[in-house]
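Two complexes are shown next, each including subunit A; its partner changes from subunit B in the first to subunit C in the second.
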Partner chain A sequence: MNTDRTKQFIGFLVIPSFVLLAAVVFYPFLYNVALAFGNMNLNKIRDWQFIGFRQFIKIFTEPSQPDFYAVFGKTIIWTVVNVAFHVILGVFLALLLNQKIKGKAIYRTLLILPWAIPQYIVALTWRGMFNYEYGSINLILTKFLGMPAVEWLRSPTEAFIACIITNVWLGFPFMMVVALGALQSIPHELYEAAEIDGASWWHKLRTITLPLIRPVMIPAITLGIVWTFNNLNIVWLVSNGGEPSDRTHILVSFVYKAAFNFYSFSYAAALSLVIFLLLLTFSMVFMKQSKATEGAY
Partner chain B sequence: MNRIIYLHIKELWLHTESRFKLVAVVVLLGWSVLVLAMVGCGRKPDDPRRIVIWHQMRPDEQVILHRQLAGYMAAHPGIKIEELFKETEMLRSAYVVGALAGQGPDLVYGPSDPVGVYEATKSIRPLEDLFSQEYLSAFDSTALLRYRGHLYQIADKIGNHLALVYNKKYIQKPPTTDKELINLSKAIQAKYGYVAGRPNVYGITWNYTEPFFFIPFYTGFGGWVFGEDGVTPTLDNKSMVDALNFIRQLRDDDKIVPNEADYEIADALFKDGKAAMLINGDWSWAGYAQKGIDIGVAPLPRISATGLWCAPMTSPKGYSMNVNVDKEKIPLLLDLLKYLLSEECELETAKALNTAPTRRSLYRHPEILSNEILQNSLIQITHGKPMPVVPQMRAVWDAMRPSYQAVMGGARTPEQAARDMQAQALRKIKEMNE
Partner chain C sequence: MATQTKRMRFFQLAATHLVLAFFALVAIFPIWQVFNISLRPGDQLLSTSLELVPRNATFENYIRLFTERDFLVWLRNSAAVTVSVTITGVIFASLTGYGFSRFRFVGKKAGLLSLLTTQMFPGTMLLLPMYIMLINLGLIDSYLGIVIVYSATALPFCIWTMKGYYDTIPTSLEEAARIDGCSHFTAFMKVILPLAAPALVITALFSFMSAWSEYIVAAQILQDTDLWTLPIGLKSFEASMSTEWGLYGAASIVVMIPVVGLFLGLSRWLVSGLTLGSVKG
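Let's look at the complex of A and B:
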């Protein structure tokens, strides 16, 4: 078969995927970019015009309620704290489950449960649990631990912590499953050789386990960061749309509110483009710095 | 042309290795899926016998609607009506986005306040040319929502308003003033005792995260959300400060309301008998009766300091028509609307849900006149104020919510909150118009 025909054949094979991607990824993305340079809002929803970089200038220079930089800072805290807990808890539990323990299948199932429950249910259940007077969290704190009740949903900091607690609970099983898969792929001979050499548990963890699960964990962490950064459901539902006083927003809930509560579609599109560029830059730098694409062996 | 393509593919096939043939089969299947998907996703010609309604009705309202639609379909073989529930905010957003894309349901049902947004986005069509004056004259004037010179919604319920709901197990005679309310609440709490400093039965509760539930207090102290022009917010004034101070006092000094209550908590407290009174809307009352609670409904009390009744916002709830509906389909939709807005359907709804009907003839109906809850609800409606339908109302809600919550959380003084509300509302309205 000559080269031209081969190219035609390959093109023929690729077209369905390309068309689907164009319809569900490229077109919405390009439309979002176009909107970001426009002025679409409630009053100009059908006859919006291009206005250049004005929406971006507004994001970075004009005061907003809540403040863009405060929300951005909160988003960083939200992402770092969540992913740190996801990874630490996930790897810790994976290490435990990788041991020879009785009833391992039951523990594994129980630990994956948070992941199996729909996020909406989890968020609303936790919101109920954080109620000041009747929520189980405060009942445990006051009745069993002798601590004062916390105003989880009434104070901005506590409400934000409540969102983080919920998302930590929801997110660690993913990292645990990924880490467990990576742990099970490590050849046992490596540990046997290390034991013969007299290596301690810590030494084996540091020199065998962690380096060998790194190629799997780095992409998982990158994914985790992107997902957490963009996790609208938990913040929106646990804090009931940014309560109290719009002080629990992260960038993505801020975008949602701008688009669907205020109909500031172009402002929201510009903000979502900023989020996209932030995450794209981060992912590229992180993957490069962590040498995630390099093999472990 | 087809022959050439066939030969081309045949030649490729004969010269291709078997593993690639497998891949090709899979990809051809992909092509088939793609073609089918494109056919499926394209806008189908509107089936003139299929009607789609989106609504935000609560479960007990849905039961009635479902029954009425089933009756209509049984009487009109071949017509298929699909109803879809969406939560109020989601209904508004999804409807606007759908209508902008030339899609969406044929009819959208809900309270009147999004009509301003629907009009601004040109997503609903005027109705005045579809109904005769004679037909429209049978409705209470508040049921016919006119905005910017056009009729955009016809309601089957008036009200959608808050009132004082009380549990007759604790209260025989509901309070008529704020002082009576406070004294009665304290007496109930004293009677049923406290555990760990918390009353076994709270005097009263309501959702105090949403400013909609705060409006009766604001109006009770003489305030209103807009000035005389109907679009300029009026939130920074003595009425606002007094109203915020009043509800803070109920919680922090009188201690007759829970420390924290959103809609679900307030609702659960009342259902569990842990609150003697509740401020909630007409949509919820039937549910309490179904739970076996012997409820009474009374107008919200008068504020002694001003002599004014606490006036909730009232709004009609009804049907609007999608701007994208084909002309040929309109007669079918009109027939359905006339059925849903008929005396029979409205009476059935009013009896089952204790909601105020919109057909004037029903106000003299014996079953309406003998319904104590409904009669008190109608009194409450007369005390109420119509909810503005202008899009600026969204800016007011969004400006009020954070500051209101900040006051309840102790993070802002009422004076500061009033100033912030006003500044935010003005800023958001400016942004909306930019």
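Let's look at the complex of A and C:
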């Protein structure tokens, strides 16, 4: 049981944050839910009405420009490809860095850099680098690799790939740092024992390293998936708001456009809610699944 | 036999360095690009050469940035917003994280879960209602609005980070201080907080970065050019029909310096402070 003094102290610690969060996170969240069931747009900011599930029906059944299901599919591709690259590159580089080699500190510093750069600068810079005529990507392709120049920003598939390349570049350092922390906590004796038994490099990786970094990587991957799914900056700024002709959107950029370019507030609110519920369900299932399989090792 | 394993070891080492060097190069390439563009004289902005330093390199863009543009205004605005957000974030997260780590109380589990849930909000989910609320309150174009939005978006993650770190500090430490007659608060301030320095550093860093680097929210809420923060200002170089690459490059370099400096200076704390055990719950 807490004494009165302790209760006061707990209140002092916890209440201010929750008052702030209530005002700017929980209240807007509820407001968003309310909006999702209404018909607000720029002309009806004050006198909007509840119209039930109509916005949701519109999202799932009415054709939209761009098509909801196409955007949804693209979001899945975007998330899976990005996170896969982040994790594979991150763990791979962490394994390389986790040896006794010269210049380790320098390599680590340079490899963390993409994480340190503000995302909007990353996006705008890569957009410049993808320029057809003067961008360095095409210059490298044509001058050093003898390949034809690519129309990065003017065709939908290439523009989407450009967004993915940018996001892979900026995202691997986070996974690398997390993996590095996990690798450092693996006791050396395990590897020594395995070596005495004559275990190969691959065998050690599969039976010691990967299972032991798993408990740290799973929450990081969950966060990574949620962050990537919701990453508005890169798609919006690299493709300049979904160019060409709204063919490069992922769900969040689609919502952003609906809200702030078309002012369909209620439609956007309903779509935000759909995204949130998707992610919530996913995270719960994913975390539970990975906890259930943890005992297998 | 011995020479063979030695040779194997040598090739392995060489391959490791080769791969690491390649990725390090990929990591710095875009930054070098920006730096290169920032040094180009006006007539070479659209150059197709890939020289390490451009011919006739000049600081002209930097000078123009500070003298001809509102860069100093944006810098001042961004600094004010960022400092406010960082201070608020550190105070609130260090207190609340401690409460969650050390005490049992009604609604604790729900509170922690709701914090985790906010991480799944798409940005638009808070931005849109906030935007409409601010329109209705007439608070579009105010710093108060943006500081509150930034603090609140960074706060849940920071509280979790702090809580996770406090969890690793043994409770016997404050118990000893309490037996010596310290109040809860003194024990927290004098004993625990100094030990939680790595997590405090991470919290400060993340709050700083989230405010210093944010474009999407700022673009909607700050429309008056006098209130612009750096991200909107930099985007404006790019937005017009002909991108002012030279100014953009120079501005990017100036904006990057504090955040990259901070990040690299603090990077040794990253591994210890970012105990992702915290996310495990």
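Points to keep in mind about this one:
Everything below uses one rule, namely that the second predicted complex is superposed on the first by the 276 of 297 C-alpha atoms of A that agree within 3 Å, B and C clash if a C-alpha of one lies under 4 Å from a C-alpha of the other, contacts with A are read in each partner's own complex, and residues count from 1 in each chain.
The definition used in the following text is that contacts are C-beta pairs under 8 Å (C-beta built on N, C-alpha and C of every residue); 3 or more make two chains touch, one makes a residue touch a chain.
Remember, it's a predicted structure, so these values are computed and weren't measured experimentally.
Placing subunit B and subunit C on a common subunit A by superposition gives a clash between them.
Of the two partner chains placed around the shared chain by superposition, subunit C is the only one that A:Ala116 touches, whereas subunit B remains out of contact. Contact with both subunit B and subunit C is seen for A:Arg5 once the two complexes are overlaid on the shared chain. Touch criterion met: A:Phe260 reaches subunit B and subunit C at once.
In the superposition on chain A, contact is made by A:Val252 with subunit C only, not with subunit B. After overlaying the two complexes on the shared chain, residue contacts for A:Leu13 are found with subunit B and with subunit C alike. Using the contact criterion defined above for the overlaid structures, shared-chain residue A:Ile45 touches subunit B and also reaches subunit C. Once chain A of one complex is fitted onto chain A of the other, the partner contacts of A:Tyr134 extend to both subunit B and subunit C.
In the superposition on chain A, contact is made by A:Ser283 with subunit C only, not with subunit B.
Once the two structures are overlaid, the count of subunit A residues touched is higher for C than for its counterpart among subunit B and subunit C.
Once the two complexes are overlaid on the shared chain, A:Ile225 sits clear of subunit B and of subunit C alike. The superposed model puts subunit B in the path of subunit C at one of 133-141, 151-159, 205-213 or 259-267, which is 133-141. Common to the subunit B and subunit C contact sets on subunit A are residues 5, 9, 12-13, 16-17, 20, 45-46, 128, 133-134, 260. Across the interface of their complex, subunit B is touched by residues 1, 5, 9, 12-13, 15-17, 19-20, 39, 41-43, 45-46, 65, 128, 131-134, 142, 151, 153-156, 240, 243-247, 260-264, 267 of subunit A. Every residue of subunit B that touches subunit A in the complex is listed here, in rising order: 11-12, 15-16, 23-24, 27, 30-31, 33-34, 37, 89, 93, 96, 100, 117, 120-122, 196, 198, 209, 258-260, 262, 264-265, 268, 391, 394-395, 398, 401-403, 405-406, 408-409, 411-412, 424, 427-428, 431-434. By the touch rule above, subunit C contacts subunit A in their complex via residues 13, 16-17, 19-21, 23-24, 26-31, 33-34, 37, 46-48, 50, 92-93, 95-96, 98-100, 103-105, 111, 114-115, 117-133, 135-136, 148-149, 151-153, 155-156, 159, 184-185, 209, 212-213, 215-216, 220, 231, 234-235, 238, 243, 245, 248, 252, 255-256, 259-260, 263-264, 267, 270-272, 274, 276-277, 279-280. Within the complex formed with subunit C, the subunit A residues making contact are 2, 5-7, 9-10, 12-14, 16-18, 20-21, 23-29, 31-32, 35, 40, 45-46, 89, 93, 96-97, 99, 101, 103, 106-122, 124-129, 133-134, 136, 139-140, 143, 169, 173, 177-178, 180-181, 184, 215-216, 219-220, 222-223, 226, 230, 232-233, 236-237, 251-252, 255-256, 259-260, 265, 268-269, 271-273, 275-276, 279-280, 283.
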